[in-house]
């Protein structure tokens, strides 16, 4: 069996070596993220069967958990690591074709480090180590948003950096309070000290509030998401795909891990549900009113975050595994959408939705990928979005409370809005003729290059496979939900 | 007696530190504001030393008071010196 | 309006902090029992790691994984800064006015001394206060001085990038060696040597040398990138 | 008075955090905002170290053979703060490089003016 620490050590080592490789040839350096993510993909998928039996606790430095930093490779961590590696692999292949100008080697190094940070966050079992990996993720994304160096990119990066740093500072205050109270940083040890009463005293409640507010910035839940539309729409296409597909999910993971495992605070669940629905409605309505396609996709991510937080806040097995399924399907579909949009914008030269008219003829394959991604996001069968939404609706109805019936009605209303704006684009791409400029050079088929089409096709295959045959993944996610709901198993697993 | 003197000194340092921070807030000239920032960092390093954290005091003195100030000054040289611009 | 909201938010944050701090009185012995991590480090670090400086022991071995992450953050900052300030064609700015003779001589005289101080600090990280980061920053400040003061000083980016890359890889490889030696990642697998002497504490000095070189090279490159950006 | 004696480190830390956040919220100039960020981070660091202090403790370094582990301050917050300081300087450097780039595009660092230029 492979040691899960390699999921972090190998990409880090590769990233450190890349500048040396670039002395030999820039071409080799470009393939480093592909190699790193391929390795992570293979290792994390191969670890899934063994972590389903019992989580693997990895020590670092040779010290037992409360004293040394440990990694917890449980079902949830490894599943998310596999999703990160999979989407990261697809997007890194896309990046080979898309990223042509500028400091390409630096781009690839930062890209690999961003994904390593994300993997570290989902695997670590120490709260300060989580903070450090979270910072790796955040700082590399601040820099990558400004990659193109144009006006909007730099301004969005500044906005993102300021709000993100306030968030991580608040989270650090929360960690400091926790350390001051308990004298330990291990998440399982803190959870054991907090105990199971479910009632937090003032100090702990304030610490929880600081940490949720701090990490919530990356999760982009409602009052904290002012940075998101700018950052996601001004970044280069592969980075938008990763930010929407991976970075937000990592933020949600952190919030959920802290609320469920570390604090075990049932009083927060209802808050999560309400925040989720509000975020969903605000995101979908803002998306509906956008004319810029990337901004529209960014706001749609806000809406999907709301849906996921709503599902996770239900705190039942069905709700959590539905929310996790939605995390996976949204990661696949939204990154597919951003990748497809990248070349559509590149060819049409504009981000306006109206400029996409006739794209269905100019770039049939890319448009087809976009359409399927959109269908999956809306939740049409037989694509991956359908089982996720279906599970969430079923879990909400199973609560048998009028409140949840009302909320799920709001969620479905949000989905209808989502369907409206996605169909507007699909209609523009396929069913309106090209604009009144019969310029022969502009009308010929200009498909995206092979290196960009291949990852889109790969993501497409996964979306359809998950939609047609979701059972194995649902079974995996059920044990992830069990890991989140039974914090005593987690504590016992780590501390023995 | 000695303890009281030390306590008074710490209070005086606290007042100085917060005053430095307020100065950095109200100075219109950015270079002055950055110097005030360096002063606050230096006092923070002194605090770390008084709290028996020499490693951190060293890091704060070399990073906060020296290097950060240099980076700030270089960046201000490349941009505008006055806050109003 | 905007500042009113800000003040209300600040009041809430301040109140929350004050409430929390009243729960942890200043100077109380919060690590009195043996199962607390801090107490464990103080009691066991000399035997388990061989380092006289407990903070170094915590930074490099007990929480070595954090340190790897921290080095990565600095690496990201250096690379990200280079990327943000990248421009396709190198523009030749007008050559800077040379400093006065006194300043030049002083800088060139101080430069090697500062370098030696930096190297001393990261070599003795396990014995005295200081370590890789502090030493690395001092080395970088030496280069900053030389760069500003000595007009003929040119920073060769390739050398610094190579140092940075090699030192970072050395850190990861030292970690992997612990894994290969049958233990866990970043394990202190080397003999501990005589307590409180230079050649002791196993891999701690090696890792601190790597960190010192890496931090020095990164910060120097970072400053050079900022300075060389033509106005 | 004894309240001040007891808590002056905490007061300094909380004061720095609040002043830093105030600067970040109220100031328009980007460099000022970054200065606020650095205060915020310094305040958090002082808070952490103050929380790790134990009355009557010495620095956690065994420089003499007769030093006792029982009379030392907590080393963990010091290790955390070392990490936090380095992360802080990384964020600061990146923020300042973005500021330089922003100035090249807009000719100003006034965030409100930049927002107006855009719309």
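Letters A, B, C and D mark the chains as written, and numbering starts fresh at 1 in each.
Criterion: a contact is a pair of C-beta atoms (placed from the backbone, for glycine too) under 8 Å apart; a residue touches a chain by one contact, two chains touch by 3 or more.
Everything numeric in this text was worked out from a predicted model, so none of it was measured.
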item	value
Result of counting contacting C-beta pairs for B-C and A-D, higher pair	A-D
Where chain A and chain D are represented by their mean Cα positions, the distance between them in whole Å	29
Whole-Å separation of chain centres (CA-atom averages), chain B against chain C	20
Separation of chain A from chain C, taking each centre as the mean of its C-alpha atoms, in whole Å	31
Rounded Å distance between chain A and chain B, as computed from the means of their C-alpha atoms	39
Two or more partner chains touched - positions in chain A	128, 132, 135, 139, 142-143, 146, 149, 154, 157, 173, 180, 183, 185
Per-residue multi-chain contacts in chain D, two or more chains	9, 17, 21-22, 47, 50-53, 59-61, 72, 74, 76-78, 80, 82-83, 85-87, 89-91, 93-94, 96-101
Numbers and ranges of chain B residues touching at least 2 other chains	53-56, 59, 63, 67, 71, 74-75, 78
Chains grouped in pairs wherever the two touch, ordered by label	A-C, A-D, B-C, B-D, C-D
Chain C partner contacts - residues on chain D that touch it in the complex	6-7, 9-10, 14, 17-18, 21-22, 25-26, 47, 50-55, 59-63, 65, 69-70, 72, 74-76, 78-80, 82-83, 85-87, 89-91, 93-94, 96-98, 100-101
Parts of chain D lying in touch with chain A, wherever the complex brings them together	17, 21, 24, 30, 33, 37, 40-41, 44, 47-48, 51-52, 74, 76-77, 80, 83-84, 87, 90-91, 94-95, 98-99, 101-102, 105-106, 111, 114, 118
Touching residues (chain side chain B, partner chain C) in the complex	53-59, 62-63, 66-67, 70-71, 74-75, 77-78
Chain B-touching residues of chain C, taken from the complex the two chains share	53, 55-56, 121, 129-131, 133-134, 137-138, 140-141, 144, 219, 222-223, 226-227, 229, 231
Parts of chain C lying in touch with chain A, wherever the complex brings them together	16-17, 19-20, 23-24, 30-31, 35-38, 40-41, 48, 61-66, 68-70, 72-73, 75-77, 79-84, 86, 88, 158, 161-162, 164-166, 168-169, 171-173, 175-176, 178-179, 183-188
